[in-house]
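Remarks on the structure that follows.
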Amino acid sequence: MDLDDLETGEYRLTCPGETITSAHDFMRGHGTYVDDELVIASVAGTVQRVNKLVTVRAARSRYNAEVGDLVVGRITEVQPRRWKVDANSRQDAVLMLSSVNLPGGVQRRKLESDELQMRTFFEEGDLLVAEVQAFFADGAMSLHTRSLKFGKLRNGQLVVVPPVLVRRLKSHFIALPCGVDLILGLNGYIWVCKHMQDADHGDEGFDAEAVYSNQNDEIDGPTRLAISRVSSIIRVLADHFVPLTDTLFLEAYNWLIEQEVNTKDLILGDLGDAMVAATCSVR
Amino acid sequence: MSVVPDEKKPTPTNQVQSDELRAQIFQRLHPHAYLDRFLVEGVRPDGRTPEEWRDAFINVGSVSTADGSALVRIGGTTIVCGVKAEIAEPELDTPDQGFLVPNIDLPAICSPKFKPGPPSEEAQVLSERLNAALVSTQLLPLTTLCIEPGRSVWCLYVDATCINYDGNAFDAALLAMVAALRNTTLPVATYNEETGRTTCRSRTTRHPLSLNRDKLITGLSFGVVPTPSVPLDPTAFEEPLLIRAFSVVVDVQGRVVFVEGGVCGKSGTDYDGDEGSTLIEKSIQAAQERAKILHQLLQ
Amino acid sequence: MTGLSKVEISYIRSSLLSDPPLRADGRAPEDFRPIAVETGVAPLANGSARVSIGQPRAGRGHEAEGAGGGTEVVAAVKLEVDGVGDDEEGGKVICSVSCSPAAYPHLSSPALDDLQSDLTSLLGSVLSHPSLCPQNLVIVPGQKAWALRLDTIVFADAGNVVDCLMLACRAALVDTRVPSTRSVEYRAPGRQSGTLNEVPDDLMDVDQSRNGPSSMLETRDPSSAVDFELADYWDEGKVLESRDSWPVCVTLNMLPTIHFLDATSQEETAVPLRLHTMFSFPGGKPTSHGMRMAGAGTSDMTQIGLLLKHAEKYARNMWIGLEAKLAEEEARRSVKAREKFYGGRRR
Amino acid sequence: MAQSTFDRRRVNGPEESFSPVFDEEDDAELGWTVKHGRGLADIRPIFLQPGLVSQANGSAYIETEKTKLACAVYGPRQSKTTTYSERGRLNVEVKFAPFSCVRRRSPLRDAEDRAVAIAVYQSIVSSICLELFPKSTIDVFIVVIENDGIEGCIASGSIAASTALADAGIEMLGLVASCSAGVRGDEIRLDPVEKEAAAADGTVILACMPALSSITNVYQSGRVSVQGALKCMELCQDRCIDVHAVMAQSLLSSRTSTG
């Protein structure tokens, strides 16, 4: 996990305005600026060095998007041929009408009638999972949902954590054995929902009704309980500022079951501490 | 909302409905032409002739929380006016004069063109004109409001509230204010030298205000349109179409005490000197006749 | 924040309606989040309290959305000397609520103003009601009285802000001490003065402040007391007389078949209809000080009847809990106050 | 009372002025013994007339003895805000005429206006099919001409607003009727006047849709026992059926008279 290779091998914390090193020997990276031939930190966080490049990673910041990131967002506005999406970033993200799959085949042309019924696909408040496609000149990110994995979110609830806690993983779609799926948005929005069957894939199976449906599936009590448990685990881990990984969820979940803990007691504090101690020490 | 095409044979009820609809659309799209067509024929959209006033109605004393009140209706325009008497210290330069504070409120309830919030421009102008009319005519000698010179005087807040705005708010408001003042009674107040306080003996023993009987006034408003007629008592539809409007204030003997150019309409085409003066003379005559009727109502 | 999506709303509602009812954080319908109460938080106020429901995630900014966090309110009482009008008894309670923009980052400033005035009017209509006005706010009958200003600030809102506000108000009012005063009377020399002098070295004739309606008879007597002075004594003053009547609020969120307490912001969005009930238990006897229905939706007589019975029970639990906590705080406080006073003197 | 700030948008009076003080004072205790020749469970007669404000889409004037107020409905019309809303917005504004109370009210908006507006809003909001009016606003404006107790004002305001909405042809689930009650000891009086309400231990206002026997608003102030409050609500709900009949009658007769 620890990629930074500062020669001393130790973490160095710094604050804005603090001199890090000389600009002659090093290149300034993110979170720094150069003044009077010195590299100076512009954010508070840990100093990282890769060869000659010095960067400061902020301890806490809003989400900095990169192309290819998986994000969970919420529609804030419907505009001509595009949606505005809150993705916990500096600017609202943009989802173009041309970047979504429409009913009647993935490759079909967008019609004027589609523009008139954009609200039947996504409306204000809707949550969706998407991929960062590109950036506009003004820095706003453009999203796309042109995959069957992406689209409107249903059957669950949202948990919000600081974006730095979500690491880049091999897959951000995690299926836990307790019948709960997780979608870890790199922007810190995490969707916890009922496990979806990997049913008939393929373009022919694209079912517009299901993709843009505003109805939840039938969810039984145990699944709801599991969803609420997993959400609480995420909240507690985030409160303790623990980076989130799939193994961690599993351990914490099993610990909860072993201890026969009532979910609501987790928010009381002590139990949360115990859980974090138990699960994180294993690693 | 589409006009029925001519070639289709409409049923009689449809015919009536569609004619009505067409008239409405015409009125919305070309209000000036709409009004002109009527005036050329010598009638107005509400069925009156240009020289006809709307019915006026006065009801006094219905608001028990006020010291005097009146409700006035002129056509659709409805205004309630209440007088609240309070005690204040007089101004230094006029130690024996009380205060008369007339205000009109045009709240959002009375017309779609007004918004909730502070007084609109129109309300501010109207308040000023009403104030000018009431003060300049000396309907109520302010010295009669004195309790103890230099110490304590009555302050009469004359507040008019428009409930329904269908044009000519000035006439209705002035009528309501005068009627409310006529209806106002004040308790007997005494100033106590020792404590410096003014108290009233009883809630029930009250005296009417000493109004100047012969200065009872009524306001009458006229509009000016390009066609040679002066539609008087304009409605809310007509008001914005007038190029000029003016009001005449007439007292009980028919004397003109106050003439003022109105707030609505845009200046531009003016009449020639002669035409203009005959127009004004004619209107003043009409005003004097109307004033008689209104004075009777006031009594 | 653009509110919730339709599926989120239906998920929350169907979870609540499932058997057994389930909430996002695992609570049962009648469970509250942990409540923290602390009094005496504003040293310059006559009484103050900070109340939080749920764990405040201070300094974590807008992440309150979806992640819980807590609702946090501070209430403070300031007493100001006020003239008494001719037809007033004297003493009044003036409430105001201000909402920190940080608590509502998604609200425009006019919307925030509306929210503040709505909460102010809700609080005012309950706490400023004449039936709750403490008698001992009168300083000099007919002349001077304390105007009690109860100012509250909402620092964070993660749902159920009304219950939190009322808890903070009650805690602050119970914490309030009315400074001891003595009326000062100017008398013609030679007249018999039958005064009880608490502090003998006073220069003027002093008269222990006479409170209560019995002294109202003398208000028009020009020779009675006209001014007052503050007593200099370690005790900060007397508690408000109606302290066992300041109510607590329990908000019942209503779904057609069930009700639940202490809704989070998400739950409030999903279930808009609620009933605020304000109860006090002077001498153990339940008294309702206010009921307000809020939000779109309808109810019926049987549901309301049932809700009120439950509400009384919940309110009593909350009352007992708060009383215990306030007693604890009070014990701590009087020790502190005494130390502060004498400590200040010695220096 | 006092007009403290100079307002250049109005004609101004002196800097300060006070309500007259009377030597003989009313005894507040007398409030409960006010004589008005009606039984405890009787309400004041209601005069209700829809369609008085010709400029509005719908309107109503209500008079219950000394409580007099006018209500007008404008809309549904396009919302001013740019944000999309799936449901219509309801906006209630209440204004007291300066002469409507025992003391003169400053023409500026104050907390009481807002409190009455919130209560009326709550009473009527659930009766309107707002889901049928996306992006629109329905404005309900109320002017209180004479006020005889805030309880009566809220109840009458709700009745007038619901009647005006019906007069404007806005789709509703049902008419909202409203009634208030005052409690003192064990005695309950319906529709208390200002003095009675002031002398009461507590008051209850109930708004309901009698046609659907559903309750839209409960507004209780002062001190009441739970049983007392429930009893008040039941009495109010019974009386609301009569109020509903008056509302329906006034709407029907206004329809037949205008053809």
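Should a chain be cited, it is by its letter among A, B, C and D, assigned in written order, with residues numbered from 1 in that chain.
The criterion applied here is as follows: contacts are C-beta pairs under 8 Å (C-beta built on N, C-alpha and C of every residue); 3 or more make two chains touch, one makes a residue touch a chain.
Which protein is which chain? UniProt says B = Ribosomal RNA-processing protein 43; C = Ribosomal RNA-processing protein 42; D = Exoribonuclease phosphorolytic domain-containing protein.
Not measured: the values here are computed from a predicted model.
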Chain ID, smallest distance between chain and overall C-alpha centroids: D
Identity of the chain that, by mean CA position, is farthest from subunit C: B
Distance from the mean Cα position of subunit C to that of subunit B, given in whole angstrom: 49
Gap in Å, rounded to a whole number, between the CA centres of subunit C and subunit A: 41
Whole-Å gap between the CA centroids of subunit A and subunit B: 66
Averaged-CA centre spacing for the pair subunit D and subunit B, given as whole angstrom: 28
Set of subunit A residues in contact with two or more other chains: 124
Where subunit B touches two or more other chains, by residue: none
Multi-partner residues of subunit C (at least 2 other chains): none
Residues on subunit C engaged by subunit D in the complex (per definition of touch): 86-87, 117-118, 120-121, 124-126, 129-131, 245, 275, 286-294, 296-301, 304-305, 308-309, 312
Residues of subunit D defined as touching subunit C within the complex: 21, 25, 111, 114-115, 118, 122, 125-126, 130, 198, 201-202, 204, 209, 212-226, 229-230, 233-234, 237
Parts of subunit D lying in touch with subunit B, wherever the complex brings them together: 1, 9-14, 16-24, 52-56, 59, 61, 66, 68, 70-72, 74, 93, 95, 97-102, 104, 107, 139, 141-143, 145-147
Interface residues, subunit B side, partner subunit D - complex: 62-66, 69, 76, 78, 80, 82-91, 99, 101-103, 105, 107-112, 116, 118-119, 124, 127-128, 131, 155, 157, 159, 161, 163-166, 187, 189, 197-203, 236
Subunit A partner contacts - residues on subunit C that touch it in the complex: 2-8, 10-12, 14-15, 18-20, 22-28, 31, 33-34, 54-55, 57, 60, 63, 65-68
